[in-house]
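There's a structure below that I have some questions on.
For reference, chains read A, B and C in written order, and residue numbers begin at 1 within each chain.
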Amino acid sequence: MSESSSPGAPCCLQVCRLMRPEDTNIVGNVHGGTILKMIEEAGCIVSTRHCNTQDGDHCVAALARVEKTEFLSPMFIGEVAHVSAEITYTSQRSVEVQAHVVAENILTGAKKLTNKAALWYVPCSLKNVEEIKDVPPITYASPELEEEGRKRYETQKALRQSSNERSDEVVAPPPNPEKHTVGFSQSSLIHLVGPSDCTMNDFVHGGVTMKLMDEVAGIVAARHCNTNIVTACVDAINFHRKIKKGSVVKVQGRMTFTSNRSMEIEVIVEVEPLVEVDKGKYCAVSAFFTFISLDKKNRPLPVPLLKVEGEDEERRFREGNARYLHNKEKRLAERERQQ
Amino acid sequence: MSESSSPGAPCCLQVCRLMRPEDTNIVGNVHGGTILKMIEEAGCIVSTRHCNTQDGDHCVAALARVEKTEFLSPMFIGEVAHVSAEITYTSQRSVEVQAHVVAENILTGAKKLTNKAALWYVPCSLKNVEEIKDVPPITYASPELEEEGRKRYETQKALRQSSNERSDEVVAPPPNPEKHTVGFSQSSLIHLVGPSDCTMNDFVHGGVTMKLMDEVAGIVAARHCNTNIVTACVDAINFHRKIKKGSVVKVQGRMTFTSNRSMEIEVIVEVEPLVEVDKGKYCAVSAFFTFISLDKKNRPLPVPLLKVEGEDEERRFREGNARYLHNKEKRLAERERQQ
Amino acid sequence: MSESSSPGAPCCLQVCRLMRPEDTNIVGNVHGGTILKMIEEAGCIVSTRHCNTQDGDHCVAALARVEKTEFLSPMFIGEVAHVSAEITYTSQRSVEVQAHVVAENILTGAKKLTNKAALWYVPCSLKNVEEIKDVPPITYASPELEEEGRKRYETQKALRQSSNERSDEVVAPPPNPEKHTVGFSQSSLIHLVGPSDCTMNDFVHGGVTMKLMDEVAGIVAARHCNTNIVTACVDAINFHRKIKKGSVVKVQGRMTFTSNRSMEIEVIVEVEPLVEVDKGKYCAVSAFFTFISLDKKNRPLPVPLLKVEGEDEERRFREGNARYLHNKEKRLAERERQQ
């Protein structure tokens, strides 16, 4: 092997890993959360590397936003997940990373694109996590590419600012909820942040949080359907506040909407500092996950209708339906454009 | 613990997690140790949270004692384990947490109570692990509840103080032990404590130790029976000394007694500091685990009689038999009381 | 990002990962075992992929031998480890993979070569682990490269066949061994093989075994020196027998030799099937690890002389000394050749 082969261009990174039993559900489907975590690790490496290429304090890139991500085809245990991440735009204080994931079956040689994602990072000083550093500019292959990047930047900035931290509390379900109601499938996970979950400046990797969110959404979906379920799509996620070491993370999921063949689950991440109790609880992140139900041959199955009760659940169902119709239209429009 | 206790109250916590391949044995039964570890994590969170609600140094709750725990029914891979933990009593320097665990089959919706447990925690200062902090008092729903708690506290305190650290060494088995002898199934695990095993003030979580203890007891039972074995019961465990980061933990198990349908295994945890060698080895914990053997339909199987040799083994068998008969009587008495 | 970017040439693979707390010792040095495990995973992927490119039963590549590996410079927590693996020779039934590892400090941009390794794999049928499949030939850039590969193949084959499975038992140390004796630092780890440790056809990844071996050698070295120790070199390792799921793995380490600035530790892996007891214990692997002791600025420290007692320990010390002198000569000769 040539000595000179470099670990890759400075703005790009290839990460790959064999999918193991703990990455998958019982039937061997890789969790969407495992893939999101790999993507985020690659994005964190590539943007931290880039942001430290100029003088000044060292910094670590913190995940600020993930654009909507669709899972195009399932990945299985024993396959190799290849994640390619590349910096595609830089503003003064943020970095856009685009990633795509290919699943390779090393027995048959088959490869398939499983998803594409776009992530926004912000460089935080190693000395003071709250201090945001400037980002060195990248060079673009053409002025058009820069202009397109600037538009994506403006769009996400506007969306980010309009997205408020949630106040809508998740209430405990009634004691003996009826099947297919919201209360019946509502679930939570509680995780004590450990050293392996954290970056060099002691806040939780965004990918760790997304993996927990996908896990709870999967439990909600499985409870509703009683079948093999997989992540189909994750809506844009904004990371408003960092989660520090020594926190207890409570991840709550409740179903908001069902179509014939999909379920929408709202996931809310509440953080409680374990020791500095006076700082109080806060909602760090929230997002909508869409799951589908599969039969043994990985073909989509019909989903039981969600039974909604009361005004709040009805409102959330209507809002979920609106998101569903909006996405459907968008997909159709895209398909037409491509033809 | 009240079924209706909400997950939001400061003294309560609900934790759940999907059981994965690494949580179970080869036939898919969840290890008792996995469940003990989940219970202990919930207890640590709820009591650390409670003990930090007053002024003064921050602290982390360290496990001091677990009362006898029975495993009422097996849990399987793919099920969701729900742990509810609640603070039920506080003395000046200790916290009692009661927990119960429900297994939910998310495919069929079936739920079953798998076990109840009671744990005692002591708050240790973050600045100095050896300094015990005062515990803020909880309020009780009735004076009777407080009085019952006080009695449980006095009982465990007396038992704790009478339980000595062991000195009874585990000797190496003979070179070619005969089948069904003590030496034949005697086993150990040796583990180097890593950062993921530790609390914020760098000692090992009690749950990590209990999981290793259950694992070695399971190896001993499997070697004796050559069948699918599961944890039926764990006797009260006292944690006399903390295990610090950078220690090598040796967990040894030997069978002490068999009845027709159960095996009793003594587990001894020996700790050797890796760097501060002058401190020497010490026995940190010991306990008796009871296992049963199951056929493919999860029905109990007869257990081969343990062949004892020499005075020590005979004495331990007699003592095991006495514990067995005592427990049997107690169970019968309880059943009569309930009728 | 271009859709067409492929996950790499079929005979090459790049793997990278951020080094986390659990990958390092207390002072932040990455364990040699972590690096060996990453290398082996990359080698397993690239050779499994290659061996499945022709018709016939699917197969998984099993590690048969690792050539001597030197650790040229330490790697630290927070750095990114880049492993590049490439198939460099194929015989009828084996694959040679060469790998090199670069550590990248993403804060400073500094990169350094940490080690090179050569591994030999054998393709085992998925249907029958004991059946070895034929390997499709690779094409070489020049006839010289093929000829050099053939020579490496013949050399390792001869060495492999002459290396016998060990029969030299590790005996228990005396009860209160004196400091700096063999018995004082002798250590073991005992691990129950879990699903995450195994390949698709249910035997343990060679990298998992090497990681345990490095871990125990590190414990031995730390006990001898009481300082920060790191892996400097691992002698060639031959994997004579596969370790199957459901086995208990006992990894024993004892110091055999010390020079002024290095320690040699012999590591022996003994396997005991948990259920198929009739098959009995066997020694699966053994190897010599060389460790050095570092001060706080990562400069080598003198090593206390090993006190040997009795004929066997004296013999092993002499043999270790011979290996040490042989390696020293070889290094000097190589340095001269390069000038």
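In the analysis below, a residue touches a chain if its C-beta (ideal position, glycine included) is under 8 Å from a C-beta of that chain, and two chains touch if they have at least 3 such contacts.
Worth saying up front: this structure is predicted, and the values here are computed from it rather than measured.
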I need the chain pair with the most C-beta contacts, please.
A-C
Is the contact between chain A and chain B built from the same residue numbers on each copy (over half shared) or from different ones (under half shared)?
different
In whole angstrom, how far does the Cα centroid of chain A sit from the Cα centroid of chain B?
36
Can you list the chain C residues in contact with two or more other chains?
21-22, 195-196
In their shared complex, at which residues does chain A touch chain B?
21-22, 26, 172, 175, 179, 187-190, 192, 194-196, 215, 218-219, 222-223, 226-227, 246, 248, 272, 274-277
Using the touch definition up top, name the residues of chain C that touch chain A in the complex.
1, 3, 5, 7-8, 13-18, 20-22, 41, 44-45, 48-49, 52-53, 58, 77-78, 80, 82, 84, 86, 88, 98-100, 102, 104, 106-109, 111, 113, 126, 195-196, 200
